[in-house]
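Given below, in the form of structure tokens, are the structures.
One chain, subunit A, links the two complexes that follow: it is found with subunit B in the first and with subunit C in the second.
Entry: the complex of A and B
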């Protein structure tokens, strides 16, 4: 009788899905990531501190392209993020095979959000222990920034932060954000916000910054480029 | 027996199709519209087996509508053409649709475009094209007359020449044609 498979995520008396709450707790323990949408692009940044000097971090990259013009970053469990990235990339390729066009960010987000929701209602699985930040640039919709939570809820943001100290970071962003910001300013503000909550010294090697501009190409800034922005911020 | 043909001009695309429906030696009617409006800025002209043509083009139209409803976004002409080709390709080795298509559309960024899609799921972006027996006559006219950047009047002149060629040299009598234009303001019917 292997047909029965019940969900592990069930409501409690007060109407809460505790598994999702717990997943959000896990996210809040994770290293901070944030994103800011500018008039001509989007920047996402994350804390990439490694646990020990012995870690060989040459291959350690947190930000991932899903399509040439969209990038994901996360706060929470790295392995769960890997699964979602793989899934999103496959979906994007499937889209490309059908339409021979790059999947728009909103639809990339929708696919991932759908998967994350499924894991809160399917049998025998647990929710993903990550919140995602998705950044992209479409011709149709311009620059966009989305957050996807373990529940599968997706939100569009002008600026947001997730992970440790995200409340402080969002307050900081609320004060500093303005609608007319261009990408360069947004990068500057992103670094300042990251530094506010950073434990220890923030250098170009222990953070990761990704941008997508009007060229529609999402890429991770080189350490040299991050160094320049950091110097400006001092 | 269907004739469908079209061309791309300066900021617009034109599709024309004959309006006769018949079988064997009998003509049922002369006022059939064989050019389907897929959405506000796309036209799909079908030729081939009548049932397959109607069924398939409706299927494409409804799926494009579903895409628009699901995603709050219109697909580009290129996306629609590739989706259509994909559906023909999927069916090819199972139960092929005997439908030959010309898909014309207008997109904000790249302007007007015309795609030739035949029943074996080949896809080509073209400046002008024709499906059916008519192609044997019309392509020569297009080859001679088409230039890039035609205005609507110039394009209609060429369409008239095509119709004249068919009326003169094509065995099957096709007294009526439906002509539709798609440009930045959408699709419209043109009365000759």
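Entry: the complex of A and C
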């Protein structure tokens, strides 16, 4: 009987998987992250406020590359995010070793979504306490933005927000989003949306902005670049 | 120890079929020409004098087989399957490099049990015409042109003297025909007809040069 391992995530009478609901609650307590897809790129941004001035925030990076052209950010539990990024990077390298081409974003997302779903059905584990936003650009599919929830559900979005106050942020985005937006405008809107829900003063040091453009390279904007965009937004 | 003699360069087991062979592939601007002889032998018995040693892995990527017929057929079948799933998933044409790499993975991981020398050639919309050679042992080499199989030893000199950069499609075809015909004349394990497969972005053309039309047959 020692090899039996039962799932801790089981249905209740009304058909809900409460552990997943609770995981979503945890995500909603996390700092906000949002993403916007433009015609020529994708921007993702996140609140990176630290709890105390004593924290050495030079070491604190929330956005992570998975392949040179795709980046992840999260809302929720940082440690859970680390596990998912490590897993996604390994999978992307394995893909490259087999096929000698960079893994497309849709498949990167599918790998991570699969893992997150497994943790809602496997024995003895809990769901991940994060929602992920995945941004990428490749020549064949163009710019893409995906959201993956603790349940493992993955959707493509034109613009979305996760974490604290995400409902307000999404309403704001719904009003401001238009299909013809270019990357610069998208960054502008992203910063405005982030500021709507930001507690305290938003500066280039307590947020993080990542972009991937037509060059197909995902990178995090330097504080100086973020400062320029913030000045424009004022 | 019968399997390790100079009379048995591929270490074939008793009764095993060999694609002794001469195979070759040449790139030109916008595509590739693949060529092969058509003899499958088992010792000195010619089991098939009109075999087809150039097989498709996908619409625009084909591969030439040499060595053990069984091993190369198995590899080609596996790679065809993997590439079909991969290309379906991506919803676009696969890279020649991807196909060649899959061949290499199988050949390298099973190197102790296999005798397969393959030349993978094709066209993709990303890099154009490409040729990759995967000899015994599982190295992979991207080249402008490649020859392989037992008959290739006899034509290294001819190939080097005939090859020129930037040949046209027609010149590549003549180059292949001449080299393979010379190899067939000297190598006991190569013979039959010359099969050519010409791949470019318009599509795939197949040609067969019969025994009495060979450009060289002393």
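Rule of thumb we're sticking to: the second predicted complex is superposed on the first by the 233 of 234 C-alpha atoms of A that agree within 3 Å, B and C clash if a C-alpha of one lies under 4 Å from a C-alpha of the other, contacts with A are read in each partner's own complex, and residues count from 1 in each chain.
Here is the rule we use: contacts are C-beta pairs under 8 Å (C-beta built on N, C-alpha and C of every residue); 3 or more make two chains touch, one makes a residue touch a chain.
Note that the structure is predicted; figures quoted are calculated from it, not measured.
Engineer: Superpose on subunit A as described above, then tell me if subunit B and subunit C fit or clash.
Structural biologist: On the shared subunit A, the partners clash.
Engineer: Go through the superposed model and pick first if A:175 touches only subunit B, second if only subunit C, both, or neither.
Structural biologist: neither
Engineer: Applying the document's definition of touch, where does A:99 land relative to subunit B and subunit C: first, second, both, or neither?
Structural biologist: The answer is both, since A:99 touches subunit B and subunit C.
Engineer: For A:16, using the defined touch cut-off, is the partner it touches subunit B, subunit C, both, or neither? Pick first, second, both or neither.
Structural biologist: After superposition on chain A, A:16 lies in contact with neither partner.
Engineer: Counting only touches as set out at the top, which of subunit B and subunit C does A:82 meet: first, second, both, neither?
Structural biologist: So A:82 meets neither subunit B nor subunit C here.
Engineer: Compare subunit B and subunit C by how many residues of subunit A each one touches, and report the one with more.
Structural biologist: B
Engineer: According to the stated criteria, A:90 is in contact with first (subunit B), second (subunit C), both, or neither; which is it?
Structural biologist: A:90 contacts neither subunit B nor subunit C.
Engineer: Once chain A of both complexes is superposed, is A:140 in touch with subunit B (first), subunit C (second), both, or neither?
Structural biologist: both
Engineer: So subunit A touches subunit B in one structure and subunit C in the other; where do those two contact lists coincide?
Structural biologist: The answer is residues 98-101, 104, 107, 140 of subunit A.
Engineer: Considering only the defined contacts, which subunit A positions touch subunit B in the complex?
Structural biologist: 97-101, 104, 106-107, 110, 139-140
Engineer: Which residues, counting only subunit B, touch subunit A once they are in their complex?
Structural biologist: Per the stated touch rule, the residues are 71-73, 75-76, 78-79, 82-83, 86, 109.
Engineer: Using the touch definition from the top, list the residues of subunit C that touch subunit A in their complex.
Structural biologist: Residue positions touching the partner: 86, 89-90, 92, 95, 97-98, 101-102, 105.
Engineer: Spell out the part of subunit A that touches subunit C in their complex, as residue ranges.
Structural biologist: Subunit A residues touching subunit C: 98-101, 104, 107, 140.
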